[in-house]
Amino acid sequence: MSHNSFGHLFRVTTWGESHGPAIGCVIDGCPPLIPLSEADIQGFMDKRKPGQSRFTTQRREPDQVKILSGVMVDDDGVQKTTGTPISLMVENTDQRSKDYSEIKDRFRPGHADFTYNAKYGIRDYRGGGRSSARETAMRVAAGAVARRVLQGVTIRGALVQVGPHKIARENWDWAEVDNNPFFSPDAKAAEFWAEYLDGVRKAGSSVGAVVEVIAEGVPSGWGAPIYGKLDTDIAAAMMSINAVKGVEIGNGFDAASLTGEDNADEIRIDDVGQPMFLTNHSGGVLGGISNGDPLVARFAVKPTSSILTERKSITRQGEEVDVMTKGRHDPCVGIRAVPVGEAMMACVLADHFLRHRGQIG
Amino acid sequence: MSHNSFGHLFRVTTWGESHGPAIGCVIDGCPPLIPLSEADIQGFMDKRKPGQSRFTTQRREPDQVKILSGVMVDDDGVQKTTGTPISLMVENTDQRSKDYSEIKDRFRPGHADFTYNAKYGIRDYRGGGRSSARETAMRVAAGAVARRVLQGVTIRGALVQVGPHKIARENWDWAEVDNNPFFSPDAKAAEFWAEYLDGVRKAGSSVGAVVEVIAEGVPSGWGAPIYGKLDTDIAAAMMSINAVKGVEIGNGFDAASLTGEDNADEIRIDDVGQPMFLTNHSGGVLGGISNGDPLVARFAVKPTSSILTERKSITRQGEEVDVMTKGRHDPCVGIRAVPVGEAMMACVLADHFLRHRGQIG
Amino acid sequence: MSHNSFGHLFRVTTWGESHGPAIGCVIDGCPPLIPLSEADIQGFMDKRKPGQSRFTTQRREPDQVKILSGVMVDDDGVQKTTGTPISLMVENTDQRSKDYSEIKDRFRPGHADFTYNAKYGIRDYRGGGRSSARETAMRVAAGAVARRVLQGVTIRGALVQVGPHKIARENWDWAEVDNNPFFSPDAKAAEFWAEYLDGVRKAGSSVGAVVEVIAEGVPSGWGAPIYGKLDTDIAAAMMSINAVKGVEIGNGFDAASLTGEDNADEIRIDDVGQPMFLTNHSGGVLGGISNGDPLVARFAVKPTSSILTERKSITRQGEEVDVMTKGRHDPCVGIRAVPVGEAMMACVLADHFLRHRGQIG
Amino acid sequence: MSHNSFGHLFRVTTWGESHGPAIGCVIDGCPPLIPLSEADIQGFMDKRKPGQSRFTTQRREPDQVKILSGVMVDDDGVQKTTGTPISLMVENTDQRSKDYSEIKDRFRPGHADFTYNAKYGIRDYRGGGRSSARETAMRVAAGAVARRVLQGVTIRGALVQVGPHKIARENWDWAEVDNNPFFSPDAKAAEFWAEYLDGVRKAGSSVGAVVEVIAEGVPSGWGAPIYGKLDTDIAAAMMSINAVKGVEIGNGFDAASLTGEDNADEIRIDDVGQPMFLTNHSGGVLGGISNGDPLVARFAVKPTSSILTERKSITRQGEEVDVMTKGRHDPCVGIRAVPVGEAMMACVLADHFLRHRGQIG
């Protein structure tokens, strides 16, 4: 058991605080002989990196990842995994040596300040410490390694709702996702969101969002009953992301409103003699095991708790205060949650791929 | 790692198939000296038991639980836990020796037939085998033990939506939950659902539902960052229940539409000098750690897949067939998911209570 | 984590007390499609069963194993594993309803009475409760299943020392092991031990023993660095057996006295072009990973603590008493530890086989 | 599950290769508010550090440990643990950029070269890579943290045998352990060993050793049945140390030769009314649970495999070669295993302390 690890055969442990010397992770169980360089990881780090548009925090971190162990240049000159633990580290370079005395003893509403203090009696208040979303950088790094393990699987995420404003499903175009600062698959929604979020940002406010992550190419048979269900692990992985308050698979909450007739995914034999589901209400998983269809997960991200409007709170000493969180914040943390959600999906799938291979061969 | 276990310090492992000789569970790590009799467990089993109203399956099982190990009568004549594994068993008494030849090679749409076969190459087709919701009886049994561990914590569940029909929140009355066959806290909704579900049942159809589970009395400080978050484990626990497709904590998906100002739970000092949250949008958890407010979780249950209308499917041999699932089924499996959801909440909390005590003292 | 489980991908959880209604185990992670009947298991149970000679306890238990879940008759009429948890149970039939008042409050020296009471504040004193060697019956059952998973691997155990009397290594003959009541590979030693143990038994005394377990046919590459070493897991598995006080791999403690030259296992290429170790000082494992040679483990079993001579002790209430343990006991528990040691080796290897396949393919 | 982690509530994960940029570990689950500085750890690192006498490898590494996360200066100005993961790192500074072409394709007998290659198909051959005893530096670092968790427990190790030469037990004096380069509690034995090992070293040979580790101050009640036994975990922890081939608790293998009368630890009430064991044959553990007496463990370390005498071996390509291992090696690796054994004992006890507190309170 470990509070800071997830996965079993592809196991990721993260460590580090927002304003400590570095953050990092250790990936244990990765298969050997997989080509892996820092560049393979860095591309995904850059997608999550802050300061890429006016809609994300202006904190500037290069987030340069280093591989400290677990790889070796093979006889063919290619650096590959050796099957031993892969240690990844990112040094924190933007730790402004500012005065924390104001925040030190105040609990910011919506943040983990109060609960960390309640649990541990001590907390690293600098930039949120361990509870900072900065930790998600290492999830993205681990996810990049997981993708290398998953040959033939494509994992993509998209922002599908910002505040109350959803994309139009009929506009979905994966090619658009990299054309706007929101990872929106709907170009029109992206335009609308830009204007909307400018208003939110200028008001010093924030809004929530919904992210959708889809994995294609997962064969049928991955996952396991009963407590090792693929969707159970996806739900846990997504819910563990900072600020996430809900997770859905396939039809999700809408399934509650449907009849059995409408929710069933009928099956036929396709042109090449393979089973083919006519719909994908299930989101690609039945009884916790993949059915060969795309895995579809969605998660809701709450609005950034750091806002410029004062909120009632208390100090560590039990005095009532009003707290306003200055500093560099995301008006919508859901945006940068997209690559994080992709990474978590990748890690869960890499783990289940190995678990399946272990039991079944 | 175990696909059929959950929890760490309060660890539950279940086994058994729907139509095998018995189902059971082993609870490891339970603290010693806790009074525990079969009657303590049976009351909760009876809440989940099938055949209690016309709205649940007419399968008749007494679901009589036996304690096979882990208890001892103490010097005071009271049977108590000894700290060793508690083995619980329920014999299957309603295994009708019917002809399964029709279902044996057919994949029922929406069920795990296809995926179990894809994964294992063999499956127990009798009544769904391992994938049957019958397994949830052992969750309820384990949950009953977990409740004994959790002194001062009250865990209650309710059905808050059937098909598209939600309760009226202003009607919420816990006292009503046991007055209707739906665990509805809204007496009027229960009346409406009765009529609605009669129609569904007579049509041989089914509908989904939403269950809400609330735990009161959890002190602040339970849970842990980052992958051991209390809400992460609750999400996994609920998502592992048969037919669940979505999980929310607190505001859940609605949080996506809110601003930071509206979603913040402000804090004040109450009359006795204790911290007091003015609202509970968070559902009682911040940064994965309980804040002392009620824990609030909701999950969506899809419509029962077994319906009387034919659906397109295939056989194990790859032939196209139309499948209609006869037999005794729940028109709305969400109803019986209420005690199951309560049990999962209890097990997660018992585990986190012990984990917290281990690290913090 | 679980105190009553071991293994990861082939995971065994045991439950039950010596004098409760039954004992049992749950095996999770077993691959599907492996032929498995109760008879496959029963043969191994019978080897460990008490009362088979005058040198083991006269307690009479048929130790009839039942498979409660995880198997299904396949299309070919053969009962096979389904990949779901295998629940095994043995009912306790020889629970003499005797008067336990004498033992109830007395701590038998050498037994776990004192420590269970110190830890839990309550203990099942009937026949040792959970700490009884009766628990090892379920290890043997699980080991029988593990053997089915391990195609091509032969696991055999032998008693190599009784009290101070060792076998003559040059007499080793596997065929003799089943020809005497000691699992001795040395027929002469068996004769000597028979006389020796008769004396021990008649004196109401007991002696220790050493067991050796050898696994042949394990391919090179199983196991893992650093804390998942094959020999680490074997050591833990053997040390967890009741009364075991030491474990060795290969040369074991004798390696301390050797030079690097003498302890090295030199390597050559054999007639068919395969690597061949010229000696097996390592016991078949290097750096925690199997090298293709036979795995060799030995463990020391302390003398049975239950003896007819009075020993000084105290009561639960803190009074000094002298304790003599009447009843049916093994003069040398090491004998019946042979099939248990084999079973533990089988379980560890089945687990590492699956773990290896998971990571490497 | 993780091959590179051990412990459950006090969980240690190590990473890194002998000649990579750094080695490190992550400690998860450490209680908060424990004073911890780098100096607290460094003292123990220095005990294990190479190059401290002519009897250990002349590799020169400062082994300077850095704390990268998990600590915070508290209001009282003292740096303390925060309850979040503690990341420790030691940079490798003595990675001589030498020519590895000779060793690259040759399997050194007694080393893990052959088996790593067999398992992974690739290996870091530089200095043994992951299988290097350099990894044990991080065990020592973790052990230093574990000691801080264990208030009131004293853990000390000693070398009790070098080659065939044992200490005289009657000479045991803990004060001598730091007065000689062998951690010998017997000053005379140390003198003898110095001369003996000089001969071994000059011959380019090596010898094995036996280490004893004793923990005093452990209260009764730590540990757990059946597979979570304290001695089981100690056995696993010691066996996981490089080159260890055997582990004993208390009387160990000698218990096999004893009678039940002689092996029993009788109990009396001491002057202050507390239970008192008259002997400690058990090594402080009964039924897997501590009895309040000193925990006593011993382990055998095989002779260093790197010797100057040629041994027969093969290359990765399957050619027969003779291999002689030049370079800086320990004539007796058992010496430096003493602080490593202490550290493993500390980590196991810290884990069991927290596990006990979790279940029992």
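Per-chain residue numbering starts at 1, and chain names A, B, C and D are given in the order in which the chains are listed.
Here, a contact is a pair of C-beta atoms (placed from the backbone, for glycine too) under 8 Å apart; a residue touches a chain by one contact, two chains touch by 3 or more.
For each chain, UniProt lists the protein as follows: A, B, C, D = Chorismate synthase.
Bear in mind the structure is a predicted one, so any value in this text is a computation, not a measurement.
Shared contact partners of chain B (Chorismate synthase) and chain C (Chorismate synthase), listed by label, are A, D.
Counting C-beta pairs in contact across C-D and across B-D shows that the higher total falls to C-D. Of all chains, A has its CA centroid at the greatest distance from the CA centroid of chain C (Chorismate synthase). Computed centre separation for the pair chain B (Chorismate synthase)/chain D (Chorismate synthase) is 45 angstrom, with centres defined by C-alpha atoms. If you average the Cα atoms of chain C (Chorismate synthase) and of chain D (Chorismate synthase), the two centres end up 27 Å apart. Chain contacts: chain D (Chorismate synthase) has residues 1-5, 8-9, 14, 29, 32, 83-84, 119-120, 130, 225, 355, 360 touching two or more partner chains.
Contacts from chain C (Chorismate synthase) toward chain D (Chorismate synthase) in the complex involve residues 1-6, 8-9, 14, 107, 109-112, 114-116, 118-120, 130-131, 135, 161, 163-164, 200, 205-210, 220-229, 231-233, 235-236, 238-240, 242, 245-269, 273, 275, 278, 282-283, 285-292, 300-307, 309, 311-314, 318-320, 334, 355-356, 360. Residue ranges on chain C (Chorismate synthase) touching chain A (Chorismate synthase), taken from their complex, read 1, 8-9, 29-32, 83-84, 225, 354-355, 357-361. For chain C (Chorismate synthase) in complex with chain B (Chorismate synthase), the residues that touch the partner chain are 1-5, 8-9, 11, 13-17, 20-24, 26, 28-29, 32-33, 66, 68-70, 72, 74, 80, 82-87, 119-124, 129-130.
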